[in-house]
Amino acid sequence: MTGNQVLLQLNYWLIIMIMMMGFYVVLAHSNMIKKLIGLGIFQTSVYFLYVVPGKIIGGTAPIIASGYQVYSNPLPHVLILTAIVVGVATLALGLALVTRINEAYGTIEENDLYRPDEWRQ
Amino acid sequence: MASITPHFPILCVVIPLFGALLCATIRNSRATWLLAVCSALCSFLCAVFLLMHANDRVVSYAIGGWQSPIGIEYRIDSFNAYVLCLISGIGCLSVLYAPSAISEVSSFNRPWFFSVMLLCMTGLMGMAATGDAFNLFVFMEIASLSSYVLIALGKQREALVAAYRYLIVGTMGATFYVIGIGFLYVSTGTLNIADLTVRIAPIKTTAPVLTGISFLIVGLSIKAAIFPLHAWLPNAYRFAPIPVSAFLSGTATKVALYILLRFIFSVLGVQFFLGTFGLYEVIVTFSLGAILFGSIVAIFQKNLRRMLAYSSIAQVGYITLGIALANENSLTGSLIYIVGHGLTKVGLFFVAGSLLARLGSDHIADLAGAGRRMPWTVGSFIFLSLNMLGIPGTIGFLGKWYIALAAAERGSWWLAVIIIMTSLLALIYMGRFIESAYFSSCSDEKIKSQANSIPWNMGLSLAILTGLCIWLGIDTAILTDKARAAALLLLGANL
Amino acid sequence: MMDEAVWALVIPLVGALAILCLSSRPNLREAVTLLSSSGLLVVVGMIARDILGGQVHDVTLLQFAPGVSLAFKVEPFGVMFALLASSLWLINSIYSIGYVRRNALPRQTSFYLWFAVSLSATIGIAFAGNLFTLFLFYEALTLSTYPLVVHGQINSDKVAGRVYLGMLLGTSISLFLLGILWTWTIAGTLDFQLGGILKEKIDPNIIGTLLALFAFGIGKSALMPVHRWLPAAMVAPAPVSALLHAVAVVKAGVFSLVKILVYIFGIDLLAQSDGDNWLIYAAAFSMIAAAIIALRQDDLKRRLAYSTISQLAYIVLAAAVAHPVALIGAMFQVIGHALGKIILFFAAGSIYTVSGLTKVSQLDGIGRRMPWTMAAFTIGAMCIVGLPGTIGFWGKWYMFQGGALSAQQLFIIGVLLTSTLVSAAYLVPIVYAAFFKSELSSAPSHGEAPWPMVVPIIVTAAAVMMLFFAVEWPYQLISLLKP
């Protein structure tokens, strides 16, 4: 592909940017809820990764109708519905854990959880 | 009976699922325990049946009647069935063992505990049984979410942090897997693993496929705790309740390794993997890193469970070494090692749990003199340690022998030497505990006054596990034949 | 009907089980030990008679992997070793009963139990039909003797136990197992065969390296520098030192080495190549160095331990010469050293039991208080040095002859002479001091040892002298070695 064509793959650039943003948030922030948000952003980029190629150029909505031969692919949408549900469940579980951690430690900043000498062996 | 046999592939996954649902609705903790044991046992029987039937053919099951490759297919071959038996067997024994070892879970919450254990088992069984890549992701997340919950149930508050960190890292791993599958789907148009094998053959070296495979391998390596992506494991195993540590150590990482093997060998083919993809040196380096790092750090641990966790990291290194060598002997060795290590590590955690329950501590220093007070329990620890060490006559020796033989066949003599010498490291860290158990006398009066015998269910699980290790170590044909059949299947599938 | 070789393996294990069950009834438990050892002796005797008659005992029990199986094949060396081990187990059991009761040893059931298991492992080594079986029982022997070494369970025992286990398991896993793996890749089999399995298949340049893996990997043969475990193991009670570290464990080591030299490499291969020459020098060094160290030891058991290291090197030297005459010498030396050394250890145990003395410098005049024990000690010492009248003489005699026939004759004869002189130097003064010096003022007053400890020592001393005259049967066994 020529350089111009690479630059025009706008969708994929977007995907990569969002993926890395989410990844960065997970790594860089010590606030546990922010990490979970970063995780969510990371997962959203994956949703894009699936849905975007689903649209076929020249294809219509995937409902069988006379006169149309080319349809867009509905399968990625279905897959992503599943993935979204999984993401929601993970987020819910993560938030529940953060609530319990807050009760146990009094903080939700990972860096403040322990003094260095306190970690139980 | 004749009408039910074709449904066994789905039954072994669905029975624990329904067991989990039922457990969540029943309020009596004893009853849910019995229900959980029964569901796990039924699942195990289904898996054994599949093992006997999947010898030289593939048992295929189309969910909902929709034929593959459009529909989701459950595809059991000899490799699959082998792993299914391992998971359900260990699940059954862990659930049997559980009640006396989860004092941190109030009896009001016990039904939920067993429900989530069964859900975890469902997820792992589904991962092993399915032939559809996205279905695999769904089950992977079922298993992972359940394991986050289970780990968070530990007694100390560090368990919550360990579960949270595992959640972050594990979800990243699963998402990497999904990204990988995404690229493969976009390139080939199919999600069915068998169909993927066919369709991917002409385009193996294109950029999207290579990218997808890379993401896939990294994601699965996180799940399998392959060095250096192992950081979540020591804390998770240290702080989780003992039956959970035991169950996860024997199954979770092994299933991730199974999927890795499936994708590397069945889908991509061994020539591509070693040749074009060129991962041999990388995997060997990381395997040796895992073995050395895991063993050496284990030597310095003061807590028994943490020591066993680092030991697990080291043992996974042997398995990946066998994968890297990629010939018949080494894959046989890896597969034997998967089962062998699964059984051994679960047994060791069971012993740690019994000692914790009766003597009140899992620090090596506090367990001094335990050998004289609980002779049979510590005796089985010694036997299982011999397995880990690789003394001839044990399963551990079998696995190491085949892998070392494969290394020697390939000409990498230094690799064979390292495999054998690193067993000595296991001698040091296991020996520390055994010495402490037999030689020092216990100074803590409170611990001295505790009762000495362990509850019947703990004893039964431990006895079954130790007996299995003895049997499989002596009558090696059973394990070796099945492992070799699976290895040949993997190697011959895609040349 | 199970083959007798398997019976020989099973009898001590059954005895061990019975000992475990009878832990609360000491007399019955001791009776079980005596019964098992006599039973074992009878079975081994039957096997020996079969072997002399030319019958073969060859049985394969289990297959672990293709080419790797648990198999027993009885041959002359093995049956001789098994006879030695089982007869001395019986004698040692009688001695143990006296020692254990007189010293009120704690955890007596564990003591007898692990003895029985160790003897079963020894028989497994003696009758092993391939390298894998040998390795399996070799490791089993290390593991089953460990509880005996650390029986006292005080802190210094723990350290000694670590040296013992660490050295033996370490060398066996890293060197011995490697050698086995290498042999397998060269020869394709691990079975012991007369004439060796490596004959045409091995590159002559690597014989020396492979031999080194075995020689140092079989740590139980105490070839320097893999010898430190033996003095460390002297923390064990005297019966343990006597049977295990004079007979079972160390002889298992040299026996394994000799068996590998004869049945894996093959005498012809070794005689033709020069790959084993370095072993002659290594053994010679071990022989002299250990003897000199023994001279400087004041602790009696440690002196005997270093003497054992030195005497074992004789056997390794004779095997490395790779000539049938030298092998006869090795065989005699095995028997002679075993009987002689067990007498010396018995005596050391008796002395410690009745007087609490452990050092050579304290033993002045003790011969007058313990005449029977010290008389037997004298005969044992004569046997170790190799004086005529004892069976030890024949060992040295044939080794001189075998050495004279080999290429490095002057060196070997010189070394043998020197070490004989040095062994006299560290043993004779003890005898002299015991009988001819007057007692120290600080010596406790005591009598002879109890009869269960005296009788075995006298019986063994008598055997040492009687076997001097029975020289026919080793020729019979040796003749069976010719293919």
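Just a few scattered comments:
A, B and C are the chain letters, set down in written order, and residue numbers restart from 1 in every chain.
One rule holds in what follows: a contact is a pair of C-beta atoms (placed from the backbone, for glycine too) under 8 Å apart; a residue touches a chain by one contact, two chains touch by 3 or more.
As the structure is a computational prediction, the values presented were derived from the model and not from experiment.
Comparing the centres of all chains, each the average of its CA atoms, the largest separation from chain C belongs to A. Compare each chain's C-alpha centroid with the centroid of every protein C-alpha atom shown, and the nearest one belongs to B. As a whole-number value, the distance joining the C-alpha centres of chain A and chain B reads 28 Å. Chain A and chain C, compared by their mean Cα positions, are separated by 70 Å. Chain centres here are Cα averages; for chain B and chain C they lie 45 Å apart. Multi-chain contact residues, meaning those touching two or more other chains, do not occur anywhere in chain C. Of all the residues in chain C, the ones that touch chain B in their complex are 62-65, 68, 132, 135-136, 139, 143, 150, 153, 157-158, 161-162, 165-166, 169-170, 173-174, 177-178, 181-182, 184-185. On the chain B side of its complex with chain C, the touching residues are 386, 390-393, 398, 401-402, 404-405, 408-409, 416-417, 420-421, 423-424, 427, 431, 435, 438-439, 474-477, 480.
Those residues of chain A whose C-beta lies close enough to touch chain B in the complex are 23, 26, 32, 35-36, 39, 42-43, 46, 49-50, 53, 76, 79, 82-83, 86, 89-90, 93-94, 97-98, 100-101, 104-105, 113, 119-121. Residues of chain B touching chain A in their complex: 134, 137-138, 141, 145, 148-149, 152, 156-158, 160-161, 163-164, 167-168, 171-172, 175, 178-179, 182, 185-186, 191, 301-303, 306, 363.
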